[in-house]
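What follows is chain A paired twice: with chain B in the first complex and chain C in the second.
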Partner chain A sequence: MAPIEYFGYALFALLALLVLASVSAPFYRRKKASFVLGATLLASIALTASYLFASGSSFYLFNIFKIYQFSMLFAGLFSILLLLVMVLSYDAPSSFNSFFMMFGFAAIGIILVPMASSMVGLLLSLELASIPAIFMIAINGKRFIESSVKLLIMSGIAISILVFAMALIFPYDAQLSLVQVSAFGLIKGSYLVLLALVLFIGGLSIEAALFPFNLWVPDVYQGAPANMSAMLSGINKKIAFVALMEIVFTVFAAYSATYATLFMVLSILTMFFGNLAAMVQKNVKRLLAYSSISQAGYILVGFAAASQYGLEASIFQIITHSFMIIGAFAIIMLLENLGIRTIDEYRGMSSRNGYLALALSLLLLSMAGVPPLMGFTGKFLLFTSAIKSNLLALALIGILNSFISIYYYSKVIIVMYQPKREERLVIPKAVIAVISIALLVIVIFGVYPQPMISIAERAASALLGV
Partner chain B sequence: MIQILFISFITIAIAIAANIVFGRRHSQHVSIAALLLVLIYISYSISAFASGGIALSESLPYISSLGVSLHFTLTPISIMLITMSLIVTLAAMVWQGFRSSNTHSMNSLLLLFELSAIGLFASANLFLFYIFWDVGVIAVFFIIRSFGSASRDVASKNFLIYSIFASALLLFAIMLIYFYTPVGSFNISYITAHSSEIPTAIQESIFMLMFMAFAIKMPIFPFHSWMPNAYSNAPTSGSVVLAGVLSKFGAYGMLVLFYMLPVAETLNEYIYAIAVISIFYAAFAAMKQNDLKKMAGYTSMVESGIILAGITALNYLGKYGSVYMMLAHGFTIALMFIAIGSIEFAYGTRSLSILRGAVSSAKSASYSFMFSIFGSTGMPLTAGFVAELMIFIGTASAFGLYGIIPLIGVILVGAYMYLAASRSIMSTKEKLQEVGIISKPQKAAMAIAIAAILFFGIFPFILLNLVRI
Partner chain C sequence: MFPLIVIAPLVLGGFVSLFMRGRSHAAGWTAFAFSIASLALASYAVVHSFGQAYAITWFAIGGLTVHMALSMYTLNTLLLIIVALITPFIMLYSIGYMDVPSERPRFFFELSIFAASMMLFAISANFIAMFIAWELLGITSYLLIGFWYHRERAPYAARKSITTILIGDIAMLSAMVLIWNSFHTFNFYSIMASPYTGAMQIPLLLILAAVFTKSAQFPFHEWLADAMEGPTPVSAFLHSSTMVKAGVFLVALLLPLFYEAHLLYVILAFGIATAFIGATNAIAERHIKKILAYSTMEDLGIILVALGLHAFLAAMLFFIVQTFYKALLFMSAGSIMKANGDAENIYLIKGSTKNRLLFVSTLFGVGSIAGIFPLGGFFGKVAIDSAASNIYVYALLTLVELVSSVYIFRWLFIPMRNPLTKGMDAELTSKYGNMPKTMVYPLAALALLIVISAFAYAYLPNLPFAGTSTNAYAPLHISLMAASIETIMALLGFSVAYCVYVKMNLRGMSSHAALHALVYNSVAVNWAYSIIAKAFYELGGIINSFDYALYWFIVMGGDGTVFIAEKLRRIINGQINTYAVAFAAGIILLVIIITL
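Then we have the complex of A and B:
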């Protein structure tokens, strides 16, 4: 065993410790202990993952998980994002210890999704990631039950569609291994396979909130507590994209023309639906839910390009959006606890707390794709990747959409800078930390995106095996 | 080789950081010092331009997968426009003085705007052009939004909507260019060299998209309706940079566009007609304004029309005449807005009908206003004279006698403004009671602008000699 492989096992040991920590959490009386434990473990996972990413090694663990640059990028990213969500949830109304019990399991599922290299591993980790989220919403109180039940039903449907799709693939590849199927090109030229492709896309579309399958999203995001909305849109949605990448770009590589068309249609519909619906929203949280749907549409532009370049752009945009949306939901959470929900109630935010107004403005401008923030770079990469794959129309529709979106983002910004005298607003330190990290990321990698782009590039080429 | 532009960016960035960190204390000193330093670098680059002591092209890797680098070129045109933007921003910054409680946020926005102006005028590829274009727009939006006068809500909203529309058109056009150039490229000189390979129909659509985007910013006749509101509701420093520098973003873009795509040679006559219509429309609109700032806005639109006319001539004199006009107009319109701001400060109103006899106590502001009218009419010894001379020789050689029509518009609006101002502001029959005394920084700002107008009017060869090399 090569020395570097010990780090792979160390990663799993850390995950196992996380299970242990989350199982024992309900027995602690004080929440500080489980918080410190969880934070240390997640930070160590992020460090190990980034070390493995930097080493550029590639090997299998237990035959169903693969350590390579693609999986390590997302393992590291998700553990950082989980850390941010955990910080946000520390002061949530629910008991942190019982929250942490679910959270640990969800974290393991989330981190395992990019590492899964077989259908079984993928299915199990997706399941593990989505089921605890239902309870994490429900434990906040009676009024959150509705939202959690909606999530339960939708996750159930998504998982059953995925299982059905895997069953259709099974005759072609009894091992269910993603790598072997793609390596030997075993699946080709059958309508059953096409049906499986469509079912995979459909099942994961529910989790990724793509157009015809996204009607649950605004209700659940609005109904859930804001820290959970941050987790659902910043992390849970992104793992669906990661799974989609793993399946579509490796197993169905021979069908690139088919899925490119499919993704193009989905992308256009999703962008228009998200943006047009967001324009009429009055509640800021609901507005962000629709905006996050439209962002899913942008991410799909890279899928439609069906090239390494497009994959790279999608990975970049996934990283960008997860930081933007978690930062934005952190602010929403704070304001929601004070009863500030609609756009009108945001009036005069700049005089109540200048930093908060500036931060939300920058995050929203980045979502709208205004340079020199990270959101602009991501969209620019996506649209040029579409152009490089000869999809000029898709690129132009994307640009049109990102300018439509400025309408509702700027509505919030303009309102915040209108004068209205009210008492000053104090931000808790935890929220300040989360907002500042998100801001730093989008500003630094917006002004100088090259490091992040080359990271995305390495992950993309690792996935495609180039 | 000294990389002047990178050093300038770093200087300004440090000044912005200092403003944010230290707040109101020393904000004015730090910001003015930063601008002066950059001005010194640029004047050094003027003297070293011929001898080659400076880097004419500065490049750093940026996004290698897109083929985009941080690539800036120092051309005579960019030197002229950067000089102008520095002096105008300096005047705007000096004008607002030391007293306001938000000096540091205003100064950081002005510095950010100046950063975007330098970047835009020197950018060698369309990607950077677009980025700096949007940064400039956002900075000005926040200047109007946070420091503007009573109806800044509507004004900033209009400004934002028009600007976003312009950005969208620009981004569309840039993407089309990227798609249709042989090896997808954003580099302006590469595109210019290979533009004949783009199909004519596509060239025309790119041209129309970019023309509309730049016409909104300049502004040119059918796309100007954001202008009166934004100019009149912005704070004085904001109006100064808005009319003085931001409108040059559009004009400079127009210049780049006309010399980038060969299709311009067939479309230039139509665009010239639009320019003439715009000049006369703005001239007549200026005549019925009572608000001094709106009047100044329409005069500035007249001169934007002249700049566009010079560009459409597509010859040597037209090109450099319009660049010199951008420089001259930057100074005169800055002076005009600064003078109006000071008059408003002194009497609390901008209404031409109320301001009878303003000269009785606010002498400096009133005389500066008169001087700015002369400057914009193109009086000899002002920078505008040189520019208009070059432009009209250029348009006359391109369009024959039709090339001189815009001159009528200029004289018309100049004569009207002179008469109107001399009857109300300069009237000696009435006396007006002042409510505020014009402070030293305000006078200094006017002095800066006047000095610039005269300096570049008396010594036009300092900058125009760069072109000959």
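Then we have the complex of A and C:
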């Protein structure tokens, strides 16, 4: 066993410790203990994953999990994002210890999704990631039951469709393995396989919030507490994209023309739906829910390009968007607790707290794709990848959509900088930390994107095996 | 990568002082300490990595790789050291100068960033790094010129400068696009190394336009005089080593290209025109700082003349010596103004001899600008005169030098000779006597540097300018004739000024006098600006009406979009069964697509 493999086992041991921590969490009297434990474990997972990423090694763990640059990038990214969400949830009204029990399970599922080497593993980790989210919303009180039930039903549909898709692919690949199938010549040219492709895309589109599978998204994001909205849109949505990448770009690699068309249609529909519907929203949280739908459409542009470069751009944009949306929802959460919900109530935010207004403005501008922020670089990569794959029309539609999106993003920013005298807002330190981290990431990698681009490049080539 | 660390202390110091309390002088001393650190690092960098080049990949996207290239060649290190050396002086002077406590953190922040961007400019080796620094200089100078934003004229002056500079920015950006198209590189040295093509001519002209806006050359020179609305340390900085020097430095850096493109005569012509305009305006001006501002225009014009004569070394020599005497003179003007309650008119300023140290230091600056042996200015000017092979150019240069000697002695004599009343005498004595030490001692040090800078004449020819030069430059030498004529001109200027302003005690030419109108042509230039601006305004009106037509289309389109959006919003009705139906419809849609 090569020395580097010990780190793989260490990663696994850390995950096992996370299970222990989350099982034992309800028995702690103080919430600090489980917080410190969780934070330490997540930070160690992030460190181990980034070490494994940097080492560039590739090996299997127990034959069901694969450690390579693609999985390690996302394992590291998700553990950092989970850490941010955990910091946000610390002061949530629900009991943190019972939140943490579910959170730990979800975290394990989330981190295992990119590492899964077979469809069964993928399905199980997806389940593990999405089911605790339902409870994490529900434990906040009776008024959150509705959105948790909606999430439950839609996740149920998604999972049954995914299982059905796997059943269709089974005759062609009895091992249900993710990597080997791409080499099989057998898998080409059957309608059953094409149907399986459609069902995989449809099932994962529910979590990834692609139109028309995403109608539940605004209701749930708005109805859930903001820390959970941050988790759903910043992390749970992204694992669906990761799963989509793992399945489509490896198993169905031979069908690139077909899935490129599918993704192009979905991308155009999703972008237009998200942006148009966001234009008429008055509630900022719901506006962000629609904006996050439109961002899913942008991410899909890279999928539609169906090239390594497109994949790279999508990975870059996934990283970008998760930081942007978690930062934005952190602010929304703070304001929501003070009863500030609609755009009109945001008036005069700059004089109430300058940093908050500046941070939200920067995050929104980044989502709109204004240089020199990271959102611009992401969109630039995505649209160039589309043009390189001879999808000029898609790139133009994407640019048109960015143009539309400026309408509603600037609406919020303008209102924030309009004068209105009110008492000062005080931001809790935890929220400041989360916002500042998100801001730092989008500004630094917006001005100097090269390190992040090369990370995305390495992950993409690891997934495609080139 | 290493040269970027040189800039780090200044940036850091800027941010640290921004978040400090303004009440004490802590912000200023912090910025000063960090600028000293920058100077130390810069000196170390010059020793450690002289002659090296660096490239940092900024981003690489699908075949297009954009670098930030930096280099530490002779020319780069020269400017880097000059800027790093002047910055602590400016910071030190500002500590005494900035007497509005609430504005101190902002001032030192902006000043530090200004200095840092000039340092970045100094070491940039490609158009990308250069343009970033160029833009940072533009925006920080805008902030600094408009620093007293609550005063009446400062915002106008700042807007004027940024408008002029933005014209140049557009020219520079267009030049960069053209250069990329024909060379596929942004690196200065790769461009200079590749064989010359005729395609270079237009980009070079565009770069010249940008240089003229930045270095305040005719016809873009008027912003410089208005920029005097900024705090005096800013003027001292802006006119000596920062901002305006960026333009001429770029010409010096790209001189081989200009030479090959046969554009030297353009540089020469504009340079001499500006020198003439600057000198004549300076003699008619009464604003203590504006006289120096016009003098800067003249200096920059002379540097361009030298570059136009292909006398690279003479230009660089003048470039170095001008830094020190101009910084000193501006600081002196600021100190004198402070003692006189911010009076600006030289006929209202009194008692400039009260502070001995201040006065003696000022004399060094005045002597240097007039061209008195053996101060730095003498060597700079004579070296350029000696390189002037064309008799007309030589004659014009000599005339400009005579005028500059007259106006600088006028600048010195008039405040000296202004009569003092009894009560005022005591008050001024105490004001000059109690001047903050940081507003006097830096001047004395700069006076010393003026003397030392004369040695650059001996040292400069030994430096290896290999990184930039592909053609032989005119050698640096001083002809005895040029030296004696320059000395005669300086003395002639002194005696004219002495006779007119001391003996005859002439109270200045009335603004209606024909001579004044001829000499003070700033009015005419501003009038021409307003004509051009009006023409553009008319053009803007026409475009505006077209835009409105387009705007209605957009509004209609926008209304239509909002209508669709409203309909779309209705789909989301909160009913989960609708969503499930939509899911089924989606699957059917996808199936239809694959069967097509």
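Basically, the second predicted complex is superposed on the first by the 464 of 466 C-alpha atoms of A that agree within 3 Å, B and C clash if a C-alpha of one lies under 4 Å from a C-alpha of the other, contacts with A are read in each partner's own complex, and residues count from 1 in each chain.
The rule is short, and it goes like this: a contact is a pair of C-beta atoms (placed from the backbone, for glycine too) under 8 Å apart; a residue touches a chain by one contact, two chains touch by 3 or more.
Here the structure is a predicted model, which is why all the values come from computation and not from measurement.
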Tell me which partner A:453 touches in the superposition: chain B (first), chain C (second), both or neither.
both
By the touch definition at the top of the document, which applies to A:384: first (chain B), second (chain C), both, or neither?
both
Just checking: does A:309 make contact with chain B only, chain C only, both, or neither of them? Give me first, second, both or neither.
both
Is A:6 touching anything from chain B or chain C once the two structures are fitted on A? First, second, both or neither.
neither
Among the partners chain B and chain C, which is in contact with a greater number of residues of chain A?
C
Just checking: does A:392 make contact with chain B only, chain C only, both, or neither of them? Give me first, second, both or neither.
first
Once the shared chain is lined up, is A:417 touching chain B (first), chain C (second), both, or neither of them?
first
Return first, second, both or neither, reflecting whether A:400 touches chain B, chain C, both chains, or no partner chain.
first
Between chain B (first) and chain C (second), which does A:365 come into contact with in this model arrangement: first, second, both, or neither?
first
In the superposed arrangement, what residues of chain A touch both chain B and chain C?
309, 377, 380-381, 384, 388, 448-450, 453-454
In the complex of these two chains, what residues of chain A are touching chain C?
149-150, 153-154, 157, 161, 194-195, 197-199, 201-202, 205-206, 211-213, 215-216, 218-219, 258, 261-262, 265-266, 273, 276-281, 309, 377, 380-381, 384-385, 388, 404, 407, 448-450, 453-454
Chain A-facing residues of chain C, complex
57-62, 558, 561-562, 564-566, 568-569, 571-572, 574, 576, 578-580, 582-583, 585-587, 589-591, 593-594
Looking at the complex, which residues from chain A come into contact with chain B?
309, 312, 350, 365, 370-372, 376-377, 380-381, 383-384, 387-388, 392, 395-396, 399-400, 403, 406, 410, 414, 417-418, 448-450, 453-454, 457
Parts of chain B lying in touch with chain A, wherever the complex brings them together:
61-66, 127, 130-131, 134-135, 138, 142, 145-146, 153, 156-157, 160, 164-165, 167-168, 171-172, 175-176, 178-179, 184
